[in-house]
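So, here come the structures, one by one.
After this come two complexes, each holding chain A, first together with chain B and then together with chain C.
Moving on, here comes the complex of A and B:
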């Protein structure tokens, strides 16, 4: 009999709010995190916008010591991790350190650090690089630094599966607990806003503002690309038994997960969404649910022409007659495309929806696309009591995942 | 290259920044590990910063000798003198 896994702590660092309460409030208000880029120069580019976290002061959450050599991705994750642990009312003591695990999704978290380290070698000569900056150049640096900071000694994993990284990291965390390799797991994702990734997305024509208006407007007729962003969300996972034993507040239960890797072509969405369809069906099966049981879908739609249409079509196929009444919205309309962090941020948002009885809106919705005709909760959040929700993540490189959560 | 006093003050400030302690705590005899909380990464960083600042190379076998500010100044002056 599988352990029921629940979520007992949430930490969020996002462009619309830092901390779970600010984040949930911003979602309910339909606040946009989109603003002109300040972290680097965009004067030579045709695009200027992003969802940077402009008021990020890690020392306010972490204290001022030990942050000097950590890169932005690491600091984002450390803050989300600390907020999550505090929210769960937990401390990691030496006696239970071996039972605390970490599982984090990130894909390009170290790109900036690699570039800076390399620049310093080129500029000053390889002998004069700063050894303290070297640890930032590996992709597993953020979760490892989190483990070092929290002094946890349980399994520490980095999951790098592109757009589905943080949902996949949550699943890995669930499995760690069910396999008795950890009692609690800090599971989530992080992605930082950096010039290298921004340029990369720009060069592969994924950013909005070149073929159309520079907006994050999922499902809207004007959609033409993503607004790139950053953020981190960490969830504290444990078994329901463990949570109840220590009298923890339980936010939600994870009912099921499904994933399917369906390769098509590099940087191109598979047009029929076969992988996403499988992932959603597997997730429902794993949760022991049928389509009619789901009240809300937190969509992965990211304002690209293809993804939003594919997700709409898949929802219609999987949910059939229920597709027109189910509530669907994309938090990426507010948060932008945060890549590996998107799944964890979406789960954090969905738990807010479940606990606070509201559906986050799809903002910037002004022009209807006849092919996208579901109920996207346009522009204003909707007061609703939701019991069960599905969270999607998928990308143009083959990965597709879905997580089903419910009220406890 | 400044006077020896300047070099001593520069090194003290550099170490203070890396160890994240007030420079007044970095007395010539205060032990980096036992008294000032230095870990192995900070040790490497201190050596790398001094090498970069003074354009000298401090061979690895000297790292063991760098237990306090006094030691660091002595080794730095030794290699500055060799330039």
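Moving on, here comes the complex of A and C:
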């Protein structure tokens, strides 16, 4: 990647901490965000857990005005966006509002809003739906509301590519800067905790707790599915030149990105991870690095039997003799599977690792799976100075992406 | 080195024609695709017209098995892609998967599967919700289904920026080819007729009771439509070498966000969008022959769009032809700007402008040349494709005649 794009602001709203400092501290402590679901009734289901953000009070971050008609996904993103902008020491002024862009990964926007609007029309009749809730049914609603809230008038894009959405949104944001359509871009992703998505994951047998313990335990022999979760992370992207000009603190540089869709089947992991392997190779090539330059891999492993094994195998192929020494951990052991938000949260976590000299652990690791035999940083974070890291995202529909970041 | 980007194939699936030939013939004849809505019961609504595609036969494009595992939006997208492949005489099997992209815009994604699930959930309870269908609801499946159908890897994503979505997808495809990341893009948009969209626009009182009359003084609102359009994008030099038909060259695109209101468009946002498009492409206002308007037929949209056009084009405003094909198709949501992009390509290629039909009474506030009721044969050098969306996500893509 020839563009000199750096990250100068981080906003995180997660089940283990709100704001980047709380988030990083929780990652270092190996805190779990998993708890019993409270937002809806799970009594008829065989699973009960999730990573809800139970202490989420958007008014504390956004003020109390203008929140009434916003859904949860939108509020999560608005908070992460506001935190990121504040963290970057930025204000979007009317004069240069057209130079500020937004690029957000979300696959269903607010599924809750779409479903409730439709059900209200079916139940009460089309005349009785709340017209103020109709705009929430479009998938681009959360990013657009962020633009309205921040008065950001440059490009505003929404990217839907399932599990890789927010990494792909970061790349779209980079491209906005390289094509001179924006000077700064708020890039990230969001996923809300709601009954519809939870049931969706449940119905397609992705959730842990049916075939084994209800745990998010990536790479562990007991893994049997994901703990579904929510969250949002937003990164402020700009060129190094722009950051230096305004005297901004630079957290990390984005060195490379790779993506490779592998056509296989809906809701099934392609067992050999051919797409992920390509995505990682492309990202390394784009960064102009070889495998031995990477110190840490923030894995996408989400505690499903297939995904964790695939990622392990791919790392072994791509990193060859370095695979056994490279540090690999899955923050999803703490955050659960936050779907469209996962990539951005993983980038935020990796920047914490780079800046605070620690590797987030893979918690709930107790039983070794002989097929998963890399250094997963089990249960306790380790103190390490790292320079370059790869962040993975991939999912069962064939999307695979990888982002390489480095210390400045 | 930046490469030039050509449009080498067009595939359209609309209420007035399936395939470029039928679509274009009917479009320049000013044929309307509006009819009584039949895909769901509209007896509880005060509105009953829309732009459904009544004669779409998915089995012409996909297998019966595929029809069961895909929503209508994916089916429309695959049909449009198949038509585009045929048009450009390419087939997916010969593409380099590492140098290809599938980028699809949509507003509602696979909403009709979702609507089936909601109905079942409400009427029969959660246990009856079909798990097979649950995994088939997410918006990204539009591009995933295309990738799987053609066994095509590469870059694969959906850009769901509502009613400007296909323009975003085409714009990103253009970026990727220009910078050499890919050599072949399948870019466009698809949306199926959606109960949710129909309900919402009816409830916002934004929908006309019968016809769509953009820029007319007595315009009564928009109509919901459906459709899909796919543009095949390739590096211009390569297309030229292989002797392919080049419909148009894409010069660039302008993007902006209103940052104003979710549903009320702002003249400021769309003014900046067109300005960004002209600035990026170096095209002067007087060089633009045609604007394919967003032109939904609502009082507010058309007024704002006309003000914005005057802001950008100043004294040249009267010399620019501006028409809205939504007068014929209704608003095909995320597909709309894709169908309109295909229209721009045909306009610069054939030197014909499609009309704005149903135009009866001039509106002094919309005193642009809207090509009223009759198509026009005129030299079309540069066309600007405007698309605006819920959330104020605006795009204008610039197409230029290719003269060898």
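By our rule, the second predicted complex is superposed on the first by the 406 of 408 C-alpha atoms of A that agree within 3 Å, B and C clash if a C-alpha of one lies under 4 Å from a C-alpha of the other, contacts with A are read in each partner's own complex, and residues count from 1 in each chain.
Note that a residue touches a chain if its C-beta (ideal position, glycine included) is under 8 Å from a C-beta of that chain, and two chains touch if they have at least 3 such contacts.
Source: prediction; values computed, not measured.
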Once the shared chain is lined up, is A:114 touching chain B (first), chain C (second), both, or neither of them?
second
Of the two partner chains, chain B (first) and chain C (second), which one does A:127 touch, if any: first, second, both, or neither?
both
Identify the partner contact of A:39: answer first if only chain B is touched, second if only chain C is, both if each is, neither if none is.
neither
Once chain A of both complexes is superposed, is A:156 in touch with chain B (first), chain C (second), both, or neither?
second
Report for A:65: first if it touches chain B alone, second if chain C alone, otherwise both or neither.
first
Residues of chain A touched by chain B versus by chain C: which partner has the larger set?
C
Partner chain in contact with A:204 - chain B first, chain C second, else both or neither:
second
Residues on chain A in contact with chain B in one complex and with chain C in the other?
127, 129, 131, 135
In their shared complex, at which residues does chain A touch chain B?
64-66, 68-69, 124, 127-132, 135
Per the touch rule above, chain A residues touching chain C in the complex are 44, 97-98, 101-102, 107-109, 114-115, 117-119, 121-123, 125-127, 129, 131, 134-135, 137-141, 143-145, 147-148, 150-162, 165, 168, 172, 175-176, 178-181, 199-200, 203-205, 259-267, 275, 278, 282, 397-399
Quick check: in the complex, which residue numbers of chain B touch chain A?
17-18, 20, 41-42, 44-45, 48-49, 51-52, 57
The chain C residues in contact with chain A across the complex are 44-46, 69, 98, 102, 106-109, 111, 114-115, 118-119, 121-122, 126-127, 129, 131, 134-141, 143-145, 147-148, 150-162, 165, 168, 172, 175, 179, 195-196, 199-204, 255-263, 269, 272, 276, 280, 389-393
